[in-house]
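Which chain is which? They are A, B and C, in the order written, and residues in each are numbered from 1.
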Amino acid sequence: MRRLNPSLVAGGVIVGIIVLMALVSFIWTPYDATFVDPSIRLAKPSWEHWFGTDKFGRDVLSQIMVGSRTTLFVGVVAVGVAAVIGVPLGILAAMVRRWPSEFIMRANDLVLAFPALLLAIMFGAVFGASTLTAMIAIGIASVPSFARVIRSGALQVMRTEYVLAARAAGRQPWPIAVRHVLPNVTSLITVQASVSFAIAVLAEAALSFLGFGTPPPTPSWGRMLQESQEFLFSAPRLAIFPGVAIAIAVLGFNLLGDGLRDRFDPKLEDRR
Amino acid sequence: MPDQVPAIQVLDVVRDYPRPRTSLLRPAPVVHAVRGVSLDVKQGERFGIVGESGCGKSTLLRIIAALDQPTSGHVVVEGTDITRLPERRLRFLRENLQLVFQDPMSSLDPRMRVRDIIAEPLVVQGHPASGERVRELLEAVGLSADAGDRYPHQFSGGQRQRISIARALAPRPRILIADEPVSALDVSVRAQVLNLISDLVDELDLTLVFVSHDLSVVKHVCDRVAVMHAGQIVETGYTGDVYAAPQHAYTQRLVSAIPTLQRALSGATTSDLLATKGEPA
Amino acid sequence: MSDVLTVQGLTVTVRDKTLVSEVDLTVGPGERVGLIGESGSGKSLTALSVLGLLPEDVVASGSVRLTGVDHDLIGADERRMSRVRGRELAMVFQEPMTALNPTMRIGDQIAEAMLIHRTRPGRGAARSAALELLERVQLPSDLMRAYPHQLSGGQRQRIVLALALANDPALLICDEPSTALDVTVQALVLDLIVKGVVARSSALLFITHDLAVVATVCERVLVMYGGRVVESGPVGEVFTNPRHRYTQGLLAASDLDTADRRLPTIRGNVPAAGQFPSGCVFRTRCPHATDICAGTPEWTGPVADGFACHHPAEPVSSPRLPAGGAHA
């Protein structure tokens, strides 16, 4: 029996809780997350409102729960965009000749050198601020890290003797990419996806905080943080709850990434 | 029988590799991996290529298998010049020439079942990859039929090398190229794999090209041997002759550097390994 | 004179698996002893136990005594072991790159090895000693200023050897020191190892899978299989007159010189570490195995010259060519 590694378990549990929270929020939240009740503005945590209410009297717990949907949605779409572009690009760069490969990788570096947030703000300015533009911008900004990791993995696979054997049997390059290279870099894709997920969650929060992300009234952890600014001293809990939620989510995905990396490490696999 | 046509003919093959640039001003340095190699392998022959790491033997092998292109020179396989042929015209080569590699860990795709690994050449070449044929191949290399359902990591090094051999034999090739096939194996398993290769070459009437750094293994397996050093063939001959009376200075050094049980038991020491054959330590 | 190294009842376990069991082994002063075995035989773990370098979850028990060290090496803490390693006890592993610090010049590394254990009075003396060592392993003196990555594999292994010999250790342990090297380079490294230990009257424990190398380098040999020592004795005797059926089979299977095209083989595969059978570890592959082999065979003869087999091969008075399974 393989022993479970602690970061995989911890990461899995945290991510599981967030997913569960998002799912539950579809059928039940303590209150309507967007319901404004001026009579209970800035209420302290109580039995009625566990995390208190914000400046419009909305229930903070309900907002956090609904906000987790945004977080996961952003992560899934951003990572999806990054993987769908980055993985084929990485494999391509590993398989073509030297100069085209150099070109792909230098173009990659160019995107990598461009600050992700700036890209997202530009996108927001051009296409209008929305969750979707934020996600796509974050996704595009994450392409280079995918392409890089997948390329180095694919290069390793291309050097193996089973790829040589496939070539000697007459397999063409693209079938080799699909049949041999892709299956053998899936572990890298998984690891990179969970790490990118964490980055995307953080980036979405930052964008919403700056006003370029999820527009009101859809709850988002980043925007909750932004709205809490003016009460940072009078009601710090309004910043603490979404802040902690973001921190835990990022930690969860990073732990999951680390855990998966350890699990897929062939050196550890031998100790089965 | 067209036995006048050699199985493999290598004509003055040169292979240079550019190394990554080290300076913006000077041109990229060049590695001369193979410099002007010529050799003939007759039909049905067991031909050995021996040399140390970096001597160019692996590069030469890839060129013979059309997995790499020579900078200049030609390779003729069964009468057809394969040099610079496009992949679609190499079908006869892909069917008739197969390889077995050194590393039993890296030569099998860890994500594929053994039966898919063995059937790969058949599928690629459009032959019906029947379960029957796979079972037949597994049996031929001494593995049980249920081995097909498992993954490579469930096998030991020797068994993996058998799988590798089964895959190579799948398209019924006439030429088998083995690149250090036993170097990574335990001694007690090495003998099994050497016997298996020997038997199969006999039964199936194969031409064998056996590449190794170990002259004693080559001597055991092959009729003729070419000794490679620094990208060139320094000596060719019948293995027994080359082993007993090496002509080239490098071959002499190589032969005397090989520790053998018999020499050791008759009193050879480590300084005798350094003495060139013929002259006292 | 007493033995340099005395290992008694060495057992190495990882969780529920036993990887090495009840290994007894001695190396006399100036003696060159070979430890031979295939993968999973436990030969490297035996060496690592002596060095106190086992991985975290691997546990050794038994006793390992080294001359000039007043405590048992098994269970000694890192602080005490680090005083022994590199001083009385030196090692050369298969991969030389990992044994060298990539950011330090060769000369400084060798000098430091001596300064750590204060075997030279000062930096100057250590440096001139380093220069001399470099000469001993037949490397040019300008390599003093080189970094490890600038050297070839064979040169690196010679540097590692120079490091190992720097403090005139009582015992040098080499684990597959020449396996990764080319034949001609191997010849040089083996010769330097033998000359090095002979010049210092150091004892040598030489671990390898290569029978011919052991026969050339060592005077006495222990054959390991499945975590146990199955046979031991002088090289000339074990390799010409093997008593254990495994040794016999191994010799026959590796005899590329006299056999015809078909080699005698040992059937089956080497089991994975920790999955060898109980009783005689070789019984699942042995052509002579019977029911009594389910019991662990007793050791026959003295520790330094004996075997553990229920059905040993006939002793032959004159050296004979090994022919495995001929009596079967």
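Criterion: a residue touches a chain if its C-beta (ideal position, glycine included) is under 8 Å from a C-beta of that chain, and two chains touch if they have at least 3 such contacts.
On a predicted model such as this, the values are computed, not experimentally measured, just so you know.
> Could you draw the chains as nodes, link the ones that touch, and say if you get a line, ring, star, complete or other?
Contact map by chain: line.
> Starting from the Cα centroid of chain A, hunt down the chain whose centroid lies farthest away.
The chain lying farthest from chain A is C.
> How big is the gap, in whole Å, between where the Cα atoms of chain A centre and where those of chain C centre?
Taking the average C-alpha coordinate of chain A and of chain C, the gap between them is 51 Å.
> Once you find the CA centre of chain B and the CA centre of chain C, what distance in Å lies between them?
31
> What is the distance in Å between the mean C-alpha positions of chain A and chain B?
Chain centroid spacing, chain A to chain B, equals 48 Å.
> On chain A, where are the residues touching two or more other chains?
Nothing qualifies.
> State the interface residues of chain A toward chain B in the complex, per the touch definition above.
Answer in residue numbers: 160-162, 164-172, 175, 180, 183-184, 269.
> Under the definition above, what is the set of chain B residues touching chain C in their complex?
52-53, 156-159, 186-192, 194-195, 198-199, 213-217, 219-221, 253-254, 256-265, 268-271, 273-274
> Sort out for me which residues of chain C touch chain B in the complex.
Touch residues, chain C against chain B: 38-39, 182-188, 190-191, 193-195, 209-213, 215-217, 235-236, 239-240, 249-251, 253-259, 261-266, 269-270, 272, 285, 319.
> Which residues, counting only chain B, touch chain A once they are in their complex?
Residues 62, 65, 67, 87, 90-91, 94-95, 97-99, 101-103, 106-112, 117, 120-121, 124-125, 153, 164, 167-168, 171.
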